[in-house]
Each structure stands twice: as C-alpha cells, then as structure tokens.
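Dropping a structure here in structure tokens format, bear with me for questions.
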Amino acid sequence: MIDAPLTGTRPAVVQERRPGRLAGLFHRSESLRGYTMLSPTMLVMAVGILAPFIILLAMSFWTRQGFEFDTTPTFANYARAMSEPIFGAFLARSFWVSGIATVATVLLCYPMAYYVAFHVHRNKMLWIVLMTLPFWTSYLLRVFAWKVILGYEGVINSALLSMGLIDAPLEFLLYSQTAVIITLAHAWAAFAILPLYVSLEKIDRSLLEAATDLGDGPAWRFLRVTLPLSMPGVIAAVFLIFIPTTGDFITPALLGGPDGAMIGNLIQLQFGAVNNWPMGAALSIVLMLWIATVALVFLLVTRKAQERLA
Amino acid sequence: MDVVDQLNAVRSGKLSRRAFSRSLLAAGVGLAAMPLAPRRVLAAEGEQGTFFTWGGFDVPELFGSYEAKNGTLPNFSIFGGSEEALTKMRGGFVVDVAHPCNAGLNRWVASGLFQPIDTSRLSNWPDVIPELAAIEGNMSASGKPWLVPFDWGQTSITYRTDIFELEGEESWDMLWDERYAGRLGSLASGGDAWWCGAIKAGVGFDDITTDEAFEKIAAVMRAQRPLIRVYTDDTTTLEQALSSGEMAAAMTWNSSAVLLKSEDVPVRFAQPKEGALTWVCGPMIHKDAPHLDRAYDIIDSLLSVEAGQFMINDYGYGHSNQKAFDAFDDETLAGLGLSKNPVDILNAGHFMVPQSQEWETRMNETFEMIKAGF
Amino acid sequence: MTSTDAFIAIREVEKFYGSFQAIANVSMDIRHGEFFSLLGASGCGKTTLLRMLAGFESASSGEICIDGQPMSEVPPYLRPVNMVFQNYAIFPHLNVRDNIAYGLRRLRLPRSKRHEMVEEILDLVKLPGYGDRRANELSGGQRQRVALARALILRPKVLLLDEPLGALDKQLREQMQVELRRLQRSVGITFVFVTHDQEEALTLSDRIAVMAGGRVLQVDTPSRLYEAPRSREVANFIGTMNFLGARVVSRANGHLRLDIEALGQLDLPAGGTPLSEGDRTCVAIRPEKITLHKDRPGGDAPALSGTLEMTTYLGERSHFHVRVPGCDNSFSVSAQNNTIQGGEGQASGRPVWLTWRDDALFVLGKD
Amino acid sequence: MSDVSYIRRPNRLLQIYACIFLIVLYVPVLFIPLFSFNDSIYVRFPLQGFTTNWYADLMRRDPLWAALMNSLRVGLSVAVISTFLGVLAARAITRYRLAGQNALVAFIMLPLVIPGIIFGVALLVLMSRMGVPLSLYTVALGHLIVCLPFAVATLLPRFEGFDRSMEEASADLGENPWWTFWRVTFPIVYPGVVASFLLTFTISFDEFIMAFFLSSTDATLPMYIWSQLRFPREFPSVLALSSIILLVSFALVFLALRIGRLGSVRKPGAGSNGAD
C-alpha cells in the first residue's frame, strides 16, 4: 500500500483532540501497527527460542574439559554421534517406538473422532470434554497408573491369571518397548482426537451426500471423500504426537526397562550423570535434524498418496 | 471457591459475561503479579536456609532443633542423584547446604563451590563419630572439614527369603544368579552399581582407576545386564517389585529393606561374604551460601540425636551421632546392617574411595553404554 | 456551486492499492442536509470513497474536508460522521439497547439520560420495546434499524450508509427506502448513501454521483441524470437508453447539424456539449419516449421503420425490441399497456414504425 | 425412516467401539483415586483395605502444598501472559497484511514441532551461560515457550472469523482503538480467550520436561511427584491430592458445560417469540 507522504503544508486541524504527528503516522501505516502488535510475542519467542538455539548450536561444537568447556570449534561431537553405534541405535529405536505409538494412536482415535463428528447429535461438547478430561491428571501419574496395570501383579496379569489363560505373569508387559508404546498411545490420545475431530467436523455433509448420490457405498465414500478431507487433521495429529514423543524420556525411564531407553534418555544423561553438555547439545541438534527430515518425508509421502487417491 | 461463585453468578444472570471476563482477568493478573518465588512471602518470618538433598530428607523429623530455633522448616530443593545436583550447582544454582556422599567428595571440593565448615559452630560436633569425619580428602588446608558426616549405610542386596533359594553364603553372586534371570534389579547409578561390580569382579577399590580394572568391571556388568529386569534410580520401583515377587533380589540401600520389613514382606538385607559397599554422606556448605547462620542450623539439626534416631529407626541408615545409637540394641542394629561401632562396618565392607571427575565421567559413560546394551 | 455549499469537500482525492488506482482524482462537493448517493457498479470505487469519508481508508493524495475541517489526520473515532455498515455490524455480544448506546460512553451521560435517548431513538426507528433483544434475535430489517439508530443517536454531521438495503428482500427494501427518506427529512442530517441500484438512488437522493472505474462521471439531480446524461456511460447506467451513432456536420447558433445513422441529417440543440464539426458522437432516446406504430404514421416527423423482434410483457407495460436496418443494436421501446395500438399479441417479424417528439432525442458528449 | 439423515444414521459397531475407547481411556486415570484410598504405601494389587488417612495426611504435607501453589502460580502466570501475547499475535496476524507473515506464524508454531527436551536443554544452557539463576521464573519462561503456540493456535481461528466491520463500527461510533478492543474485540473473541487460558494453564500445570531442566528449589507439582515416585511414604498423599485435583477439574468442567448449555437453550427460546 502506498501512503501519502506526510507533508508539512497541510492545513492545521482545528479538531478539539488533535492526534500528534506520530500518532498520525501510526494511524496511517497499517503494517507498522501490525508489527508493533506482534513485537512482544516475537520478543519472547526470540529470547525463548532463538537465543537458546544459537547457544545450543555453538555448544555442540565445543568440547568438555573437566568442569569447563573448551570453546575451540570442532566437529568431534558430531563425528562421535556418527561413528558410535549407540547413538544411531537409540535414534532408530526412538523413531521406531514413537512411530508405532503415533500410528496406533491415530488409528485408534480416528473411529472415535469419526463417531463424535458424525454420529453424536446432542451434547457433542460433552463427548469432547469426556475424551479430554483424563488428560487433566498429571502425566507422571498416568504413566505410573500404567505401571500398575501392566505390572507383574498388575490388572492385566491378574485378570489373565484368574481366567486361567496364563500360568505365570507375563513379564514382557512392563519394562519393555511394548509398555512404552501402550503408555504413549494412551497419554497422547487427546492430541490425536482433537485435530481429527475438528477436521472431520468441518467436512460439509452435502459432500458425503453427493458422493452417495454419485454411487459410492459407505466404504468408497469414506476412502474417496471423508478420508482425504480429514487428512489435514491426520497430519496434524501425527506431528503433534510423533515429534514430542520422539524426545520423551520420562516414559521410557519409568516403563522402558533396559531395552526401552530412547534418545531423550541419552540426551538427558549427557546433561546429568555423564555430564557432557557439548555432546548433549550435539545430540539435540542431530535429533532435531532427523525429526525435520522424517517430517518432510512424511509430508511428501502423504501428498503423493493424496494425489494418487484423487 | 471463587470461580464457582462467579460461574453461578453468570448463570443466574447477576453478572454479565463482560464483568465475568473482567474479574477473571483481574484474578489472573493479580495472581500473575504475585511473586513467583514463595520465599518472598515468607520473608516476614526471616529468610530460611535452603537444603539441597535427596527426596526423603525433606521431612520435619530431621529438623526439630532448626524449627525450634527459627520457627519453621528450612527450604528444600530435591535432587535425584548427586551428579545431577552438582551439575545444577555448577550451572549457577546457589543453595546453603548440599548433601553429597564420600564418593563424590573430591569432585565437589574441586568444583570450588564449597567452603570448609567451622565445626565450632556445631553444638553436636563433639558427638560425631570421628572415623566418619576422617574420610579421605575431607580436610581442607585450614584443617576444617569440607563435609560433615550425617548418614551412612551400605549398598547391598535385598532379597526375598521365600523366593530366593540361597546357595551357601550370602554373596554378590546372588545378583548374577542366572536362575533368576529377569527377576533381579539394580540401582541405575554408576555410583552404586559400578562399585558393587568392582567388589564382584574382585577389583580392589585402590586399583579401580586402572584400565585393567575398567575392563574387568565392565565385563562383569555386561554379564549381569541380561539378567536385570530394570535399572532404576527409583527405590520405590525396586521395593514394589520385591514386595510383589516380581523380583527375587535387588541392589538397594538399607532403607528399602527396612521399609519392606515394616510392610511384613519377608526380605533380608544381605551381608555378602565379599563385603557390602559402604558409604557416608553429609552436608556441605556452598561458598556463596546466602544464609550462613541458617546453614549451620541445618547441619546442627541433622546431627542431633533425635534426627539420628529417626534415621536409624525409620530409614535404617546409620547416623554420625554416636549417642543416637544408644536407644537401639545390638540385634536391631545388626539386622539393619549397622553397628554402634561403625568402624566395624567400615572395615568389614568396602568403603567408597573418592574419584576424579575424569574417572567419574569415563565410568558413567561406560556404564550407561553397558546398560543400553552396547 | 459556491464554496458555502460544500459541507463535504472532496478535493483531488486519489487512492492507490499498490499500483491499482481505486480512486482517480475525484473532486466534488456535498451540501449540508442533502441526501447524496454514490452510484456505480461494484468495484467502481464508491465504497472506497465512503470509507475514506469515514476514515477507514486514507487518501493517497488529495484532501477531504467536512464542515470546513480537513480530515486526513483525524482517525475514524474522532470524525463527526457515523456509518451504517453493509452487514450492519451489530455487536453480537450486546443487546439492542447497549448496541445503540455504544457510542454514548464518551459523552459521560447519566444512566437515565442515556436510557431516555435510546428509547427516543428506538421510537424514531420504530422499534419501541426492543431494547433487550440480542443481535441474533433480530430480523434483517430490524438489524438495519438498530444500525441506523446506533449511528443517529450520536447526531453526526454526516451519516454514511454503505448499501444498507442490499441484504433486504424487495418488499422490505421499498418500505425501508420510504423510511430512510422520512428519517433524513426529520433529522436533517447529511446522508451519503452508497448503492449499485440505480432505481434506489433515483428514489432516495437529492443528488447522485455516478461513478465508474474510480472516476466520478456526473453529479446531478436524479431527473437531470435521467433526462440529460452527459455521457453514454451515465446514460447506460441510469435506466435503458437507445443510442444512434452520429457525426457532427456543422455547429451554429447553439444547434448541431448531425448525420445520424438510419435517420439521416437532423438539427439538435447542442446543450453543453463541446462538440464541433467532424466529431463522432451519439444521439440518445429513452425507450418510453418512443411511440410504436403498426402502420406507417402520417406527417413529416422523423420515423424509423423496422421489424419487431421480441415482446416482453411486464404487466402494466410491455417492452419491445425492434430491429431497424442500418442500426447496430436493436431499439428498445417501452409502452404503457393501455396506450399500445394493437394491444397484445404482437407477432414477431411484423413491420413496425417508431416515432418520437422532437425534444426526446438529444445529443451526448464526445465518444 | 428415522429423523436423522442417511449419512448420520446410527452405527452399532462404532457405538460399541466408542464405549470401549472411553473405558480404556478412563481406567488408568481412575486408578489414582482408587489407590488413594488403599491402606498401603505401595501401589499394587491386591488392595489392602480402605483408608482416608492419606487425605487427612495431606494437611501436614507442607512441601506438597508448596509444590501445588508453585504450579498454580506458574500455571496462572503462564496462562495469562501467553493468552495475552497470543491475543496480540493473533490479532496482528489476522488484522494486518504483514510481509513475511507466514514465516512469522511458522516461527511462533516452532515449539510444537520440536521435542520439549531440546527446548529444556537449550534454555538451561542459555540460562547457565548468562548466569541467570534457575527459579520459577525460568520455569515460567520455558512454559511460556511451550504454551504460546497453543495459545496462538486457539486464538487464530477465533480472530479469523472475526468480522472487521465490528471494529470499524466501534471506531465510527467514536471509540478509540483501546476502548474498541475492550468493548468490542475482546468480548467477541472471549470464548477463544477462555479456551486459550484453560489450555495453556493445563499444559503448564502438568508440564514436566521444562520444569525438570529449569526449576530450582521451588518444585512444581509434577517435579514434586517425580521426586516422590522414589519415596513411597509420601506417594499416597500425592495420589490423594491428584484425586482431589481430578475431582475439582471434573466439577468445574461440568459446571461450565451446564452453564453453557443453559445459555444456549435460553437464546433460541427467547428469539422465537421475537423476530418479525
């Protein structure tokens, strides 16, 4: 937009409350006002995101030296992250575990979101609240509760034992990747249900009727209309679950057992017991880059799949 | 409750939605404007000292004399392991008193974050068992100790007497017993497990820094890993697993066995023939302690007889005050793996030797790799 | 027009959005107490101009003065104008009374006084007793009245109306037109009214500015606009018009001798047109000023012969399309049904003759 | 034919699935109140007997109350600030055409797609490098970063659906931008503000990872729970407190829903006897 230059030759305004020159400029320049309004948020984000990341990036090129850091830049940490198999293995395990958990969560929540969007007519809000209320309890306690359920004398084992289906408690339930996956899927369900519900609810019902009218049965209608139109929700849900769970370290720490530890635990160790902050920083950067890559690939694949379907 | 009243008012139409939003906002701003640190609110009672310690030591029973003197309990900050604590303090976290153990003593002192303790300011100092205070590296150049011994105990094996079939004497072999593969537990911190591995591997604590020792211990730890159900820093997990029978034996401290016995679980705190791992912990004062007088009050309170009796009775840990043991008979103490003469225990077991930061880092890295399966 | 007439003076105002020129050098005056309409197709710049009066858009260059005061530095909330929005912009979170009293906050009136004013204005817009209704409980016409009341209660120097009747059905629209006119008379405030509906503009306005492509084509009273449009564009926009291409043969004594297609040479008054010999132009005639004959009329008045193409029956009158040889477009003829010679059932393809009174044909500006 | 359309006719299979889903969703959560009445410090089956001791015990657990208060303080501060900043940002984004707008929105949403551990670690590094002592303020900053994207994401649709002529009408009626915001904009986007407030409060109240890296002496409730997971003596009290929190939040939500429903029932009823 082109604004008139503020020339000094304008006739004086005889208005009672005459705003100043600056206020005038402010009143006229839309984008200036916009940026001013956005600036506090941006400032917080800059302090909270940009600054820490710059320092994290810098630190990842340092090396530990006793209590201090050697700030000579070096790729040693990244070289280690590449060469030592433990890091790659943990990264792969993290992606595997949270990938499975994500797929399971989205698959299990989709019918539920679908049900509420299409088959609940009264009190939809009540259903939404019912589905999100469990997430108002502490995450730690929910994880802990799963420990009770999956445990040696836990609910599942007791039930199976009393039904005579097993002779001894199943030990693989707890302290395993299975336990981590089950717990993550439960704990993050709300993050799948809400975006799925929103995207399904948005679908114009007349589109479904049109599909039926044009000869699609329920299955085809779902595949050719409902599913593609709800893809934004599916993608949002996948990102909202996959990314945070990849870096999770509490759930594996509490339920994972020796074989369930994930990259988050390794990073946390670098800042804790192992006390190698530069290595931890490097691992964080590596994790972030990998997540970005995986996310990108996922986006491309879904786009391709959508094109194929359409 | 305020919010409920407000909601009711909205419902009955007494309050317009605008007024409601405004009051909600006002409440939010009010609360937001409240200082985030509650200590400022307590300032009227005088600033209290901060004790940086393990969970479980933040109980009023240990601070009777402090409370009597200052009218309230000190502030607590809780850590999960002493490494984590040191890392945090090196990151600039200032407290008055922190609570490390003898294994970390050298590194804590080397960090330059602490000041020697003036024992003349501690009324209970004369009753402290001198051998505990005389641990290696504890004397500063000025002749004052860096760390005042407070609690001491053992890392050993707690096992279910009804499940674990003992073959011969109690021994560290119990935690390497393949009959109980998947039913053994271990503490996750290298500060316990690695040292126990050294005992099992027959490495003397004085040789623990050698490469050879590293390899031997690592081999032992690797052999143990497939047998372990879970490594955890969380003693509750081990206790629960023991009490449910999920585990037959686990590496624990004294307190786990005491707690399980009080719940009538048939367990024993083993006295392995190779000797248990022995340690002593105690408070250190931060060099920039903002409340130095309170810091001494905290330490003196920890050293009191009352605190000692609570530690022995409720937690099963040893205490540094000789007089605290007077209330207990020898049998009780023996059952806890304690003795009125701690020198007996210290001699019978393996007393942790403080190590350098480099060693700690190498050990932790190696042990974490082993735990992760590499 | 003298400067004292200019209650709102718009001087050489231009508005660019990027490189797009929304308003092109517009200058005009609006008199005090006048019902003034901005008429044009959508995108002609009429709403932009209105929003510049309200202060929501600033001019890229030029100046707008209201009651002698330049407005460019005055933000919307300090301007002595109020607006009725196209969608009425009734605040959904307030009831009718609070909506109407919205602008009174600044005046710091006692509650009872405020209440009284609202009741008074509710009577004026014929919504007594509706104070407690919420916005979503009102019909379109009621919303419009509330929007009017909300703006009028502040006694603005100018009331701006942005196509306020567009969202109403035909019957309600006509009713509201009458009412708007009544209101404007009774409050005596200058109204600036934006519309794309020429009939509405003709009905309501004291004067109308016809706009196209960001320019003002003509500012005039409704009758002058209808009877004497200055250009083909204006003529086309207001009502239906038949055009005949023409060339100026000569000009003398305020008369033009024109060579008109299909008609041959004719003398017409030049009016204010700046035409001179050799210029190409148009002559125009309104459909209702043409008389349709089944048989060749007598006398020597100019008459055109053609064939009837189509008849549209419109109840009180009928519309005929007549093709005349030598003309590009077919002629539009409108006649009251009681005056048609030959009545209903005019068969297509039959020959007809067209005649008109001498003064019905007039010449437009340069093409 | 039923009164619902073809697309919406009931599906028995889905109904059964929905029931099972809700049960699975709730069972783990309901263990918390269940064990808060169990007469054992260990959380395990079989149940040992009924007791309300843990609730009575709550009163004496000062550190627990301190942790709760800390979490409330941080949560409310974070909710107020992030909602406020979210309102500003959402308004700026929807109201003005800004260059690089998409990049700015993407930047704000960044924390949604970066694991919390990385943020926690990065902020910890920054704080320690700058010599800022850890406190509830640093925790609040961390939570703010986590919550802001949620606040903006909640508020943006509300502002996008906002009819700009409402604000113009207010300006036209003589209100300056400040009053226009409070008298028109805010009341209209109010439901979004409440949603954002509740969401950010909930997130902050339960946030663990940031608090893990950024807290000091003053533990937040999740940090306290974490420390108590290792010490069974206090743990049942944690369960008791959590049960109370659960109950209060259930009550509040249902109350709010009820009010909402009463409001929405009243409106059409009043409308039907009015318009035209």
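Going in written order, the chains are labelled A, B, C and D, and every chain counts its residues from 1.
FYI, a residue touches a chain if its C-beta (ideal position, glycine included) is under 8 Å from a C-beta of that chain, and two chains touch if they have at least 3 such contacts.
Computed from a predicted model, the values in this text were never measured in an experiment.
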Inset, instruction - Name the chain whose C-alpha centroid is farthest from the C-alpha centroid of chain B. - result: C
Inset, instruction - Give the identifier of the chain nearest to the protein's overall CA centre, each chain being represented by its own CA mean. - result: D
Legend entry - Pair joined by more contacting C-beta pairs (B-D or A-B): B-D
Inset, instruction - Mind checking the centre-to-centre distance between chain A and chain B? Centres are C-alpha means, answer in whole Å. - result: 35
Legend entry - Whole-Å gap separating chain B and chain C, where each centre is the average of the chain's CA atoms: 88
Inset, instruction - Mind checking the centre-to-centre distance between chain A and chain D? Centres are C-alpha means, answer in whole Å. - result: 16
Inset, instruction - Two or more other chains in contact with one residue: find those residues in chain D. - result: 43-44, 124, 187, 190, 226, 229
Legend entry - chain B: positions in contact with at least two other chains: 17-18, 90, 234, 240, 244
Legend entry - Where chain A touches two or more other chains at once, by residue number: 151, 153, 254, 271
Legend entry - chain A partner contacts - residues on chain D that touch it in the complex: 4-8, 10-11, 14-15, 17-18, 21-22, 24-29, 31-32, 35, 43-45, 85-86, 88-89, 91-93, 95-99, 104, 107-108, 110-119, 121-126, 129, 141-142, 144-145, 148, 152, 202, 206, 208-209, 213, 221-222, 225-226, 229, 238-239, 242, 245-246, 249-250, 253-254, 257, 260-261
Inset, instruction - Would you tell me which residues of chain C are touching chain D in their complex? - result: 54-56, 75-79, 81-83, 85-87, 89, 91-94, 102-103, 105-106, 133-134, 136-139, 141-142, 150-151, 154
Legend entry - Sites on chain A touched by chain D in the complex: 30-31, 33-35, 37-38, 40-42, 44-45, 47-49, 51-53, 55-56, 59, 108, 111-112, 114-116, 118-119, 121, 125-126, 129-131, 133-142, 144-146, 148-149, 151, 153-155, 158, 186, 189, 205, 208-209, 212, 239-240, 243-244, 246-250, 254, 264, 267-268, 271, 277, 280-281, 284, 287-288, 291, 295
Legend entry - Residue ranges of chain B touching chain D (in the complex, touch as defined): 3-4, 7, 10-11, 17-18, 21, 24-25, 28-29, 31-32, 34, 36-39, 50, 52, 55-56, 58, 73, 75-78, 80, 88, 90-95, 233-237, 239-240, 243-244, 259, 263
Legend entry - List of chain D residues in touch with chain B within their complex: 40-44, 62-63, 66, 69-70, 72-74, 76-77, 79-81, 124, 127-128, 131-137, 140, 186-187, 190, 193-194, 197, 216-219, 223-224, 226-233, 235, 252, 255-256, 258-259, 262
